Structures are given as structure tokens and as C-alpha cells.
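In this document, chain identifiers A, B, C and D correspond to the written order of the chains, with residue numbering beginning at 1 in each.
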């Protein structure tokens, strides 16, 4: 059986178009580059100040000045650029990043997202999450359909502290793809053999069905 | 998205009537002379709003566009480099707004940076506040300035790479980097286009995500000196 | 004014009790490790306010200053890199403010740029707005963010020249350029100090007018890895 | 007889201290470098994006990409930096320029300055004047004491459109040096053989006398 995180990453990868500037959050989104179709060369942006990052370096070949926002060592592709944090977030907030793919704790049917503060207890780490969901042209959320306890993460309204309102345009779980627009949430695709009833059972939000 | 390589004539054709266009340069230094020439001679887009530090000189650069009657409104800090622009503004032939040069630069940067407004002490209590909201912050009177966006930015760099990363030379930078970030469609001309990888990552002034079209610069200041004389 | 060449120990002695200090770096990358070490081991300034993306790691970098009980307040986007900083904030041992990373960077830049406040859509309607004024601009809810200034900035560059012009390397730039511009006293450490003229004019990231003291960087990341383990 | 503009420029030069970052306006301020004492190497900033400019280039040696804010060709000294307009005005507005020396049409006893719009008629050119007088730590005005028609330029209150309020710290005319602080205007020095009565006759503003 495929790791559900790979199911999600593979499908999220299909949301990206060649040449787009994309910022990938930590966790599932980091698996996306492995699933990009040949010729779909997205340009990876990392909010700590790089555009055009390449594969992970070989062990021992890390450059200590070259990390991504998850503090992992990276490499640069030819044509990469390096800049400071103020410039990097200017790019993000200014709408120059085509898509961000990131995880979430909850997404509401209006596209609100909560992804920086875990239930019960202050996380005290927000990093660039708020900037990215507000600024990126498309916000693609990759998350399992439910919490480990089985609670739906797609909810009528977020109960956790918000990251941003009406920001998410697409949600990919291990069982389904949803799109969100002014008209609300739409189930547009079933994944990995899941059925409509299963998706209904693990989704707390109202949604319409627009399976192609 | 990396920039598309094209010609000035092709790129300029994308500019519709009524567009707001930012044009880089301080006087003619760093001005996108090739693109301005294409706009003047190879486009009939009219009813334009121009955002630029100067509106060219009489019959040179943007001064030619002014003579063609294609400018509806101009936003600048220094109309006086072109007496014909001053005359057009005074007579009502064009609408205009005069801004302090730093406020002009910062408002353009703000647009590119997704900042929806900023308080600056510059111009507070003067007629260049233009009726904008004023507020005293920490005892300092300030003006609330809105970002300045454009449909199209025309900029010039000394060096580009094949992706559209740009690097400017000396005082030819001026308004170009901010403008490149503040438009829906950014068209850059470059004196020299290097292979991808030809610019050091830390030496890129404008990363390619800001650049949509890249053309070869074919005119330099010497070519337009005295054009209108 | 060009920077004064000095030692980390000398420069750090200028920091008084109660100072607000900005510290560059994203995690330990680009962090002024030499200056932090001097602050931790060669100064007893206390009651400090620290503005930095992270508050170090347990027993490393600023994490040591935290253990010494010398931090009164911390402003950061990512306390979670140091569980001890989270604990100190939660228990009330230190005052704290959590800001979105881009708002933190922009507020620091604003201070250096003489901007007295700016409206950003980031954080509007969330608890990180921190009770600040919110306003809907062009249909977009925004927060009014104030500039973040400091008495002292500690930054790190890869290259400097004898005047104090700075150039950063790759992702070690991060908060350093904005912080260098936003403090009354900017102390920079540089890995390599070149002769005056050793940096191309367009390759200077931080012009020397922002730099007051210049010291040699003596520590690198390898030297502090596992310091607190 | 010395050109009054040189009297002014020579005395204004003495206001500058070694190593200071200074922005010089066009006109009289441009004469200042010739009068700097040996060893008083100020660092010249020009708002179109240069720090560390040197002497005018020899004829034929001009670099078309290297001009000052008056659009005159310049050279760069070793250690010079070049940057864009937004960064340049960030330096100015942010208080990183120690002094600006520039001309004025009127200065009031409160330090208000009017220097961008000539009487009768819209100038429509402000350039960086407002930014410089608001942002520079010290604003030194160099101007003749009276207009060509004989009207005082130091006035109780400016009648021309303002550049900024309470911005000027020092005024140098061909006959006198005035300082301005919270307490108002003070005559601190007589120049070029001028007497107190002459200065009084050509000064419209109230001032106290603090000749050393």
C-alpha cells in the first residue's frame, strides 16, 4: 500500500505547471519534487531568501550558508538568486509566488486556514506561514483528511487560531481533491480508490460534488 | 515564471489603450530607451498613465509620447526636465500628480511588496500631501501614501541571464528594480544577455520572477542625444 | 561615517543594560556567532529586548543569553526552535511578541527606511494582529504595523571592505541587511575584510553608512554545533 | 571681491565634519567640495543612488551610467556603493545621511523651509528636496540673504509653498550664519565683513544675537 503522504504529494504535484514559482512547506510538500512529471520544472522559492533551489546535496557536500526555510541543506540550480528576508517576503506578499503548498491543521469551507498553532498549547512559531497563505496566488493545502484521533480537518469553520481567512484554493487529502472558491467547497476528484461515502464520513465541511 | 525572450516591437504590442505604464530611469540614465522608442514608433496605445521620475525631455524619450498626445495622466517627481510636460500639466492637456521622489520610489516598492499603504513624514503639511490622510505618529506628522501599481513596467538593465534575472550598473539602477516588481507585465531590456548561470546568486538585483519579457537593448544614451533638438 | 575597526569584545562593551538588540540570522545561518559569543561571555548587560527570527537553540547562540536570564523581552517569528524560549515565554519569565516572519522583516526595514507605519494584509483577523489597528483597504483587511527599531544591531556578512561596506553570501543574508539599517549602533562581523575598493559598487548589499563597528568573524557554524548538547 | 556664493560655500563647508555622509544640492552646495579643509573627507551621497562620489570626470572620460542627482557626470571613489532609488531614499528618510546642504527660497524663524516652488507659477519639480530636508540629520541651507529684488529670505513665516516644517538647523548667507533650534533663530556669526545692522536690515525673521 502506498504511503498516504505519497498519494497526497503525487496529486499535489499535478497541480503545478511548468515554470511556476512555487514555495513548498515542510512535511508532505517536500515530497513533491520527486513526483513532478518530466518537463514540469517548477522554480522553487524558499522564504529565507532563495529562488531556484535544486536537489538536496550529497552527504558531506553541504554548504553551511545554503539552507531552505526548514533549515535543511539545499543546492542551487543555474540562474538561482539569493536575497534578504525583507525582499523575499516582499515577493511573497506582493503576489509574485505562483503557488504555495503547505500543510494545515484545519481548513474551513470558506477557505480559512489554521496551520500554525496546535490544539491546546501555544506553538509560538509561525514563521512565514501567514505571509505565504496571504500572498501566494494559489494556496494548495496537503493534509490527511482527519487528525490521528479521527476528527475531520475540513470543517465548517476553523476552531483553531486562524492563519488567514479565505486563502485556500485547493485541498489534497489522501482520498480526495477539493477546490474552494467564492461559491464554497467542491469535491472534484477521488484518490486512491476512495469512495464518495468515505470522503463524506471524514469531511466535516459542507461541499458540493463536481466529480469530472 | 522565467521571462520570455522577444523583441521590443512584439513586447510593446501587448500594451493596450488606457494602460498604466511605469518607465524606469533618472533622466535618460537607466531609461529603457529601446522600449520607449518602440512604444513611440511601434504602438498606437493611447490614453496612457505614465509613472516615471521625469516625463522625458522635449522631443526625447517620453517627451515624444507626450507630443503624440497619448498621455492622459503623468505621475512624477520632476516634470521640469521637460518644459512641454509642465505646459501640458498646467494647461490641463494632461492630468498630473507631483510626488516627492522618495515617496514615489517607496510607493512603487510598496506595490511590488504587497504593502497596502504606508505613513511617511515626507510631504506632511505641504500641498504635495495631495489631500491624503495625515496622522501624527510619535509626535511626527505623517502622510498615508498608497502603493503605486502599473499594468506594465518598462525597465532597463545592464546584464540579464536567459531566465530574466537582472543586474543594473552604477546609477542606472534608480527606479528600475522597484518598477520591475510593481507591474502586472514587466518588460525588461538588457544591454547584455548572459547564459543562465552567468550571474552570481547574490549579484542578481531583480530575480526573474519579476520579469515577464526580455528584449535586447538596442539604443544607448548616445543614440537619443539631441533627438528632439 | 565609515565603520570603526575593533574587536568583538570592545564593540559589545558599548551595549548598556536595557538595550534593544537586533540579531541577524535564520537559525544559526547568517547569525553573528562571534558577536553573540562576546555578548554571552564578555558582557553583563541585562534586561535586554531581543529582536531576532529565532531565540537560538537550547544552550546555543541566543539560547545561552536566555539561560543567563538576561532577556527581558523577545520579538521573533519562531520561538519554537528553542523549547526553552517557548517555556520562558509561557511561564512569564520573559515578555514576548510573536510576529509573522514577513511582518517582522518588513517592520525592521521600515524602521531603517524612516517609514512610520505600514498596512499589511498578513495577520489581519488573527491573534497575531496583536490588537493593532485593522483597516479594510480596497476590500482587503489589513493590520497597521509599526516599525521595529533597535539600539544595537548585531549582523554578520561574508565580505566587508575597510569602510564597512558589507556583502552577504547565499541564504546567510536573511535579516542582516534590514537589521543593519534599523539600529542606532550597528556592529558587523565579517568573515573576510577586503581592502577598500575590493567590492564592486553594485555588489555592496549594505553601504557603510549603516555600519558603525566592524569586527572579524572568528566563529563559524561548525564551532557552535552541539555547544549546548 | 569674493563671489558671495563662494563666501557661502566656504562657510558651509566648515559645518561638515570628517567622515560625515553628506548630500549636496545643486547650485551653491556644489561648490563646497573645493572648500573642504584638508583631512575633512566627507562621503558624498546622491539620492539617485550613489554613496562615495568623487570629483567630476575629465572631459571625454564621463561614464554615461554615472551621474549625480543634478544629472552631472561624476566619478566614484574606492569603496563607493551603488543602489536603487527606493534604497537611496530609505537611507535619507531613515536618518542615515548626516547632513544635507541645499538652497532655499525662504526659511522661517521656526526652521520651516520653502525651496521647491518659485513665486508665481507652478514649478512641478520637487525631486528629492522634501525627502532630504525631512530625513537628513542636519539641514544646512545656503542662500543669499535676499531675493534679487531685495526681499529677505529669512522670514517670520514662509509665504511660498512649504517643503517641510521645522527642518532647518543652520542657514548660511553671504553675510551671516544662523542656527535654528526649538528656541528659534540665533545669529551666531558675521561673514565677509558684514555688520549687525546690515544683517538686521536684510533679515525679515526675528532672531536673537549670540555672536561668539
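Going forward, contacts are C-beta pairs under 8 Å (C-beta built on N, C-alpha and C of every residue); 3 or more make two chains touch, one makes a residue touch a chain.
In this text the structure is predicted, and so the values were computed from the model without any measurement.
Of the two chain pairs examined here, B-D and A-B, the one linked by more C-beta pairs in contact is B-D. Annotation: 29 Å between the Cα-based centres of chain A and chain C.
Inter-chain centre distance (chain A to chain B, centres taken as mean C-alpha positions): 35 Å. Chain geometry summary: the mean Cα position of chain A and that of chain D are 54 Å apart.
In chain C, the residues that reach two or more other chains under the touch definition are 106, 109, 113-115, 120-121, 168-170, 173, 201-202, 205. Across the assembly, chain D contributes residues 50, 76, 82-83, 89-90, 92-93, 135 that each touch 2 or more other chains. If you check each pair of chains against the touch rule, the ones that pass are A-B, A-C, B-C, B-D, C-D.
Note for the complex: chain B touches chain D at residues 26-27, 29-30, 53, 77-81, 85-86, 89-90, 96, 98-103, 105-106, 108-109, 120-128, 141, 158, 168-178, 205, 220-222.
By the touch criterion stated above, chain B contacts chain A in their complex at residues 1-2, 109, 111-115, 161-163, 165, 181, 196-197, 199, 201-202, 204, 207-210. Against chain B, in their complex, chain C makes its touches with residues 106, 110, 113-121, 137-138, 140, 142, 167-170, 173, 201-203, 205.
Of all residues in chain D, those touching chain C in their complex are 19-21, 43, 45, 50-52, 76, 78-83, 89-98, 135.
Those residues of chain A that touch chain C in the complex are listed here as 46-50, 63-69, 71, 76, 82-86, 88-90, 92-93, 122-131, 134-135, 161-165.
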